[in-house]
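The same chain A turns up in both complexes below, where it pairs with chain B and then with chain C.
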Partner chain A sequence: MIDILTSLIDIVGEKGVSNAPEELWFYSRDPGVLAPHQPDYVVAPKSTEQVQKIVQLACREKIPVVPMGNGMSLAGLVIPLKGGIVLDMKRMNKILEVNAVARYAVVEGGTSQGVLKAYLQKNHPTLRHSLPDAPPTTTIAANVSLHGQGRLTHQYGFNSDMVTGLEVVLPTGEICRVGSPSIGPYWFSKGPTLPDLSGLFLGWLGCTGIITKVGIKLYPNKKFRDVELFVTDRAELVPNILYKLTHLEMLEDINVWFQPKPLVFAGNFHVSIFFTGDTEEEIEFKRKMIWDSLQEFMDSKDGGFVSLFQYMKDMLLEMPGRNIADFADVPKGGGFEYSGPIALIEHYPRYAAKVVELAEKYNLLYASAARLISGGHAMMFSISFAFNRNDPDMMKRVEKALDEAMIFALDMGGIPWKPNFKEQKLTMQRMEPNALRLLQMIKKNLDPQGIMNPGNWEVNA
Partner chain B sequence: MTYLRHIEHENIVHRCFRCGYCKFPEDYNDFNCPSYKAFGWDTYAPGGRMWLTRAWLLGEIETSPRFAEIMFSCVACDNCKTQCVFPKFKDFLPDIFQETRAELVSEGKIPPGVRDYLKAITVSGNPYKLPQSERGRWAEGTGLKSYTNQEYLFYAGCVGSYDEVGRKMAKSVGRMLVKAGVSVGILGNEETCDGNDIRSLGEMGLFAQLARDNIEKFKAKGVQKIITLDPHALNTFKKDYPALGGIFRVLHYTEVLADRIKNKKIKLKSWPVKITYHDPCYLGRHQQIYKAPREIIKAIPKADLVEMRRHGPDAFCCGGGSGNFFTDMLGSGEESAARVRVREALDTGAGIIAVACPYCAKMLTDAVKMENLEDKLEVLGIGEILEKALKRKELK
Partner chain C sequence: MYKLKFNEKVCASCRSADCLLKCQYMTFSGHQEAHGEMMKIMKCKDSRVLDDCVTCYACEEYCRRGNHPFFLISERREEKGMFTAPRPITKQWINMTAMQGKYLVGDVKDKALSCCYIPELGALGTGEIFKDVASAAVFGAEFMCPAVHSHFARMSVIKERLPIVIENFRKLGVKEVICLHDECYGTLTSIAEAYGMEVPFKPVYYMDFLLERMKQLKDKITPLGITVAYQRPCSNRLIPEKHTLVKKIFKLIGVKAPKRVYQDENALCCAEIIRAVSGYKLADDVRKRNIDDMLNAGAEYCVFNCPACQLTLSEKVSKRGLKPVHIIDLCKMAIGEKEREAAS
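Up next is the complex of A and B:
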C-alpha cells in the first residue's frame, strides 16, 4: 500500500499538500447551508502536469478528486461528499494569452475573475469579459464549468457559451484539448465546426475532468456605461416589460429584482437596464429608446423610471457589485443561499409569488434577482434566503425552502442552475430515460473509477 | 451556538461570508494579503482566519502549531479591513485576529519565533537582545541633543536604534530635523520599545507595561509633542496610548519635513531621478497618511514620482508588520511579500524605492538582494533622499 501523502508531496512539494486539521476543516464546507464533509487531503497544484499526476494517482488508488476554485457556488459543489482530495486550483492563475484582434483570452484553470478584469483594464482597455456578479476571487474555469452568467449574458448567452477552447485533465489522467486548440495554436472556437466536445465538461461541475486552461471570448469595452431603473408594483407586467426591452436589441444587461428590505424597495419590482456606448450621443439615443419602449407603462401609471442618486447609480454600475454580498449580513449572520433555476420569462409572476410564499412559510428574509439570458429566451431567477450562521434552525429552514423552490421550478418546466447533489437527483428523476442513459454513459466512459467529484451527477447514487 | 473559548468580538466571527474581497486590492490585480500570497491556502487569508477562529471558539478545531502559524502569520497590514465589503463589522477584523493571538499567548501556545521575540523584549527591552546602553548610539554625529524641554521628542524605536538599515534611516532623519531647525531632542539610552507589535501579537500584559513606562517617562520629562521615525510607534502612540493616559501630539517625521519644505525652511536642489514610494501599512492604511511623503518627493525639482500599481490604500505590505519583521513567519520564498513588492517596484522603471518606515527599509533592502536587483534598485528612506537632494545646498 502506498503512502498517499508522500506521493502527493512528490508531485507538488510539501507546500502544495495539507492534511492538517485546519485545512481539512476549512475545505470541507462552502458558505452555503449544506452539511460539510471532510476531505482527506487538500492539494494545490501549479501546473497541468501536476494535475495530471495527481489524477493518475487518484485513478490508480480510487481516490475521489474535487476541483475547487473559490468555492463560492453556495450550492455545496466543492464539498467533498465522499472525501478524497480537494484540488485548490487557485495557484494556477496565469493569464497565458490575449488575442486582442480575435478577442479571446486563454487563462489557467485557477485564474480569478478579478485578476482577468484588472489585466484587461490595464493592458487592453477596449476589451472586457463577461464578469459575473460573484466576488472577484471566483475563478473563470469554475464559472464556465457550472454554466455561470455575467454582465454580458443578456447579449451573448451563458458564460460557458463564450468558451473558445479547453484543456482538460480527464479522470483517467490524459491531458485533452477541446476545440480549435486541439488542432492548432489558436483558441478561437470551442467546437464549431467540429463536434462540440466542450459539452462533455461544461455544466458537469467537475465530474468529468479538471479544466486546466480555458479560452474565453472577450468583447468590446465601450467608453460609457449607464443604467436606468424602471419600477412597477405589478409582477404580471414584468414579462411584457422585458419583452419590450429585449426587442430593442441594444442593451448590455437586464436584471429584475425585488426585496422587502430596506423598506424603500419593498413592494416594487425593479428592472435595472444597463446600456453602453462609445459616445454620449449613443448613450442618449439608447436612453431615449429605452424610455420610449416603456412609455405605455408610464401612460397607464403602472410603472416609471427612478431618478437615481449618484450613489445608487454607482452601486448598480459597479462590476462586480460589492453590495451583492451585503445580503449575507442582513440577518447579521454571514450567509445566504439561493436557487437559480433557468426559466421562461413569462413565468416571472409565479416565481415571484413563490419566493414570497416560501419566505413566509419558513419565516425567512428573501431577495430575488432575475437575469435575462440571450436576449430574452430565458432568465435565471434567483430565489435567495439570508441566514444567520449561528442559528442552525434558520439554516435548516433555508435548506427546506430551497428544496421546495427547486421542486416548484421543475414543476414549472424550469431547469436548475448549479444544482446541488439533491437537486441533481430530482432533475435526473424527471429526465427522459434515454437522456438519462446518455448522461450515465458519458460519465461512466469518461470516469470509469467514479473518482471525479463523486456524489454529483451520480446516476446510480 | 455556544463557544467554548471567548474573545471580545466573538459575536462577529460568524458574519464573515468568506467572499474573498479582503484578499484583493480595490482593482483586483493581484492578491494583496501577504500571508495568503506567501502560503497560498485559503486558511491563511482573512476569511480563512475568521472561519477558523469560529471553529476554534466552538471547539471544532484544537489549538495547534498550524493554527498558531495561521494566526501569527497575519502581518496586521489592514488590507482586509480596507477591502471587506461588510461595513458593519469590517473594522473589527484585525481586532479579531489580534484577540485570537492574545488567547494563544495566554495559553502559551505560540510559534517559537514569536516566543523568542517576546522574550527578547521582556529581558533586553528590545528584540535584538542588545544592551540598553547602545540604544542611543545611532544619534552620534547627527547633532541631536538629549530631550530636555525642546518642542518635540524624536522617537527612533527599536529598529531605528539597533538595526543597521534602521540606524541609517534614523540618522538621516535626525540630521534633517536639526538642519530644518526643528526644536527636537531624543531619549537616547533612556528610550524603550513602543510596544506596537507586541500588542498586535497579543502580549497585552507586556504591552501595557511598556506603554505605561513610556507614558510615565514622557510625562516626567514634560513631553507634549512627539515625532516618530517609525510608523509602528506613531500608530500605537496615537491609537493605544491615549486609553492608558498618554495623550500627546504625535507626528510622523514625513509630516514635519513636508511642512518645513512647504514653508521653505528646506530648499532642495534639482535631481533628475525616478522614485517610487512604498506606503508603510502603519503610516498609510492604519493612520491614513499618504500625502506627506509624496509631497516631499514631489518637492525635489526634476524628481519623478512614479506609483507602483498598488499604492495608497491599495499598497502591498512589505510583510514586516505584527512582529513578522523578527519572527519571519512568511519566510523568504519567491512569493514572500517583500520580494513581490520589489518586483512591483522594478516594473515602474524607478531606480529608487522611497520608504518611510525602518521596518519596510530593512525588509525591502533584503528583498532587493534576494532578487539580485542591487544594480537596478536602491531602497532609501525619505530622509536619505532629502539629504541627497540637499548636497552642496544650505538651508535657508
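Up next is the complex of A and C:
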C-alpha cells in the first residue's frame, strides 16, 4: 500500500499538500446549508502536468478527486461527498493569452474573475468579460463548468456559451484539448465547425474532467455604463415589461428583483436595466428608447422609473454587486443560499408567488433576483433565503424551502442551475430515459473508476 | 382627521384665476376657462387639471388670496383615487419615508437643527455658521416633513404623519426648530396652518438664520464676486415671503444673480417630479430651458436651496459648465471655510 500523502508531496511539493485537520475542516464545507463532509487531502497543483499526475495517482488508487475553484457555489458542489482529494486550483491563476483583435483570453483553470477583470482594465481597457455577480475570487473555469451567468448573459448567453476552447485532464489522466486549440494554436472556437466536445465538460460540475485551461470570449468595454430602474407592483406585468425591453436589442443586462426589506423595496418588482455607450449621446438615445418602450405601463400608472441619484446608481452599477452580501447579513450570521432554476420568463408571476409562499411557510427572509438570458429566451430565477449560520433550525428550514423550490421549478418545466446532489437526483428522475442513458454512457466512459467529484451526476445511484 | 381649510367663497369670487392662468405647465384660454376648471375641482367634478397638473406647487404662490389651490387639487385627486406618478412609485415613496424608529437626535435643548430625512443636510449644517446649533441636529423619518406626498396626491399621508412629526419635536422640549430643508419650514407653517394643526414651537427658516449669522460674521466675509443663477425649489412656493432672503444673502456675500427669464415667480422646477409624473420629454424640455436660461444670464454657479434639486440637477448643470453649490456652502466659501473648487 502506497503512502498517498508522500506521493502527493512528490508531485506538488510539501507546501502544496495538506491533511491537517484545520485545513480539512475548511475544505469540508461551503457557505450554503448542506452538511459538510471531510476530504482526506487537499492539494494545490501549479501546472497541468501536476494535475495530470494527481489524477493518474487517484485513478490508480481509486481515490475520489474534487476539483475546486473558490468553493462559492453555495450548492455544496465541491463538498467532497465521498472524501478523497480536494484539488484546489487557485495556484493555477495565470492569464496565458489575450487576443485583443479576436477578442478572447486564455487563462489557467484557477484564474479568478477578479484577476482577469483587473488585467483587462490595465492592459486592454476596451475589452471586458462577462463578470458574474459573485465574489471576485470565484474562478472562470468553475463558473463555466456550472453554466454560470454574468453581466453579458442577456446579450450573449450563459458564460459557458462564451467558452472558446478547453484544456482538460480526463479522469483517466490524459490531457485533452477541445475546440480550435485541438487542431491549431488559436483559441477562438470551442466547437463549431467541429463536433462540440465542450458539452462533455460544461455543466458537469467537474464530474468528467478537470479544466486546466479555458478560452473565454471578450467583448467591447464601452466608455459609459448607465442604469435605469423600473418598478411595478404587478408581477403579472413583468413578462410583458421584459418582452418590451428585450425587443430593443440594445441592453447590456436586465435583472428583476424583489425583496421585503428594507421597506423601500417592499411590494414592488424592480427591473434594473443596464445599458452602455461610447458617447453621452448614445447613452441618452438608449435611455429614451428604454423609457419609450415602457410608456404604456406609465400611462396606466402600473409602472414607473425610480429617480436614481448618483449614489444609488453607483451601487447598482458596481461589478460585482455587493448587495447580496448585505442581504445575507440581514438576519445576522451571514448565511445565504438560493435555488436558481432556468425558467421561462412567462412563468415569472408564479415563481414570484412561490418565493413569498415558501418564505411564509418556513418563516424565512427572502429575496429574488432574476437575470435574463440570451435576449429573453429564458431567465435564471433565484429563490434566495438568508440565514444565521449559528442557527441550525433556521438552516434546516432553508434547506427544506430550497428543496421545495426545486420541486416546484421542475414541476414548472424549469431546469435546475448548479443543482446540488439532491437536486441532480430529482432532475434525473424526471429525465427522458434515453437522455439519462446517454448521460450515463458519457460519464461511464469518461470516468470508468467513478472518481471525479463522486456523488454528483451519479446515474447509477 | 384634519380637513383642509379652503375658502370656497374666496375662490368662487376670484377675478384673476392666477392659480391656473400663471401655470407654466398647463395652458388655458383665459379667465373663464381657468376659473371654470377650479370651480369643477371645488365641486368635486372631473377636471383636466386633475390629470395634467405636474405638482410644481407654484399655484400656492400665484393665489394671492390665501387659499390653497394646490392642496385642494391634491385632495381631490386622492378622493377620486387618482395617481399622479405611477402607483408603484407612490408606494415606494410612502415606504421609503415611513417612520421605523431609526432616527438621530443630537444634544437638543431649546433649539433643534432639523436635517429632515436628507443626509446631505447633516454636512451642510456644520462649521462656524452653525457652531452653536450643529450639535442639536435631528435626522430621520420621525422628523421629516411629509410634504413630498402632495406630489403623489396622498394628502392622507401628510395628515397622518405631520402631527406625529410635530409631536416628536414637541417631545424634545424645543422652543425653536431651525429647518435646514426649505420644505420643512413650508410644511410646519403653510401646510400645518392650512390643515389647522397646532405647532407648539417656533419653526425657523434656515435662510433667516443664515442671514443673521452672516451679518454676525461680516468681518470674515470676503465678497465672492461671482455670478450665479438660483434654482428655486417647489417648496419655496409655500413660503413666498421668504424668497427675498436669497437676494439679501447674495448681496451680503458679494454674489451677483443677473435677471433671467425663469426666476422668482417664473422659476422652473428641477423637474425630477415632472419626470416621474409626465415622463422624460417634458422634464428634459424644462431642464434644458432652465439651464439655457442660467447660461444666458452669464451664471458661473448654479445655487441650490433644496438638496433634492441639487442631487437632481448637479450633474446636468456641471456638464453644461456651471458649478453646482448649495447656498450654505456658498456662505461657507464667503467666510473662507470652503474652497471654491470644492463646490460640487
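The definition used in the following text is that the second predicted complex is superposed on the first by the 461 of 461 C-alpha atoms of A that agree within 3 Å, B and C clash if a C-alpha of one lies under 4 Å from a C-alpha of the other, contacts with A are read in each partner's own complex, and residues count from 1 in each chain.
We take it that contacts are C-beta pairs under 8 Å (C-beta built on N, C-alpha and C of every residue); 3 or more make two chains touch, one makes a residue touch a chain.
Quantities reported herein were computed from a predicted structural model and do not represent experimental measurements.
**Student:** Please work out whether A:337 is in contact with chain B alone, chain C alone, both, or neither, and reply first, second, both or neither.
**Tutor:** neither
**Student:** For A:167, is the partner it touches chain B (first), chain C (second), both, or none of the two (neither)?
**Tutor:** After superposition on chain A, A:167 lies in contact with neither partner.
**Student:** In the overlay, answer first, second, both or neither for which of chain B and chain C A:18 touches.
**Tutor:** Only chain B; A:18 stays clear of chain C.
**Student:** Applying the document's definition of touch, where does A:447 land relative to chain B and chain C: first, second, both, or neither?
**Tutor:** After superposition on chain A, A:447 lies in contact with neither partner.
**Student:** Is A:253 contacted by the first partner chain B, the second partner chain C, both or neither?
**Tutor:** neither
**Student:** After superposing on the shared chain, does chain C or chain B touch more chain A residues?
**Tutor:** B
**Student:** Considering only the touch criterion stated at the top, classify A:122 as touching first (chain B), second (chain C), both, or neither.
**Tutor:** A:122: touches chain B, not chain C.
**Student:** Touching A:91, do we find chain B (first), chain C (second), both, or neither?
**Tutor:** Touch status of A:91: first partner only.
**Student:** Scan A:399 for contacts with chain B and chain C and give back first, second, both or neither.
**Tutor:** Neither partner.
**Student:** Help me check something: in the complex, which residues belonging to chain A touch chain B?
**Tutor:** Per the stated touch rule, the residues are 15, 18, 20-23, 25-27, 31, 42, 44, 70-72, 88, 90-91, 112-115, 117-119, 121-122, 135-138, 322-323, 325-326, 328-329, 332-335, 388-390, 392.
**Student:** Quick one: in the complex, what on chain A touches chain C?
**Tutor:** For this pair, the touching residues of chain A are 231-233, 263-268, 280, 287-288, 291, 295, 297-298, 301-307, 309-310.
**Student:** Note which residues of chain B are touching chain A in the complex, please.
**Tutor:** Within the complex, chain B contacts chain A at residues 1, 14-21, 23-24, 27-30, 39-43, 48, 51-52, 55, 60-62, 64, 66-67, 70, 85-86, 88-89, 309.
**Student:** Would you tell me which residues of chain C are touching chain A in their complex?
**Tutor:** 83, 85-89, 91-92, 95-96, 98, 100, 272, 275-276, 279-280, 311-312, 315, 319
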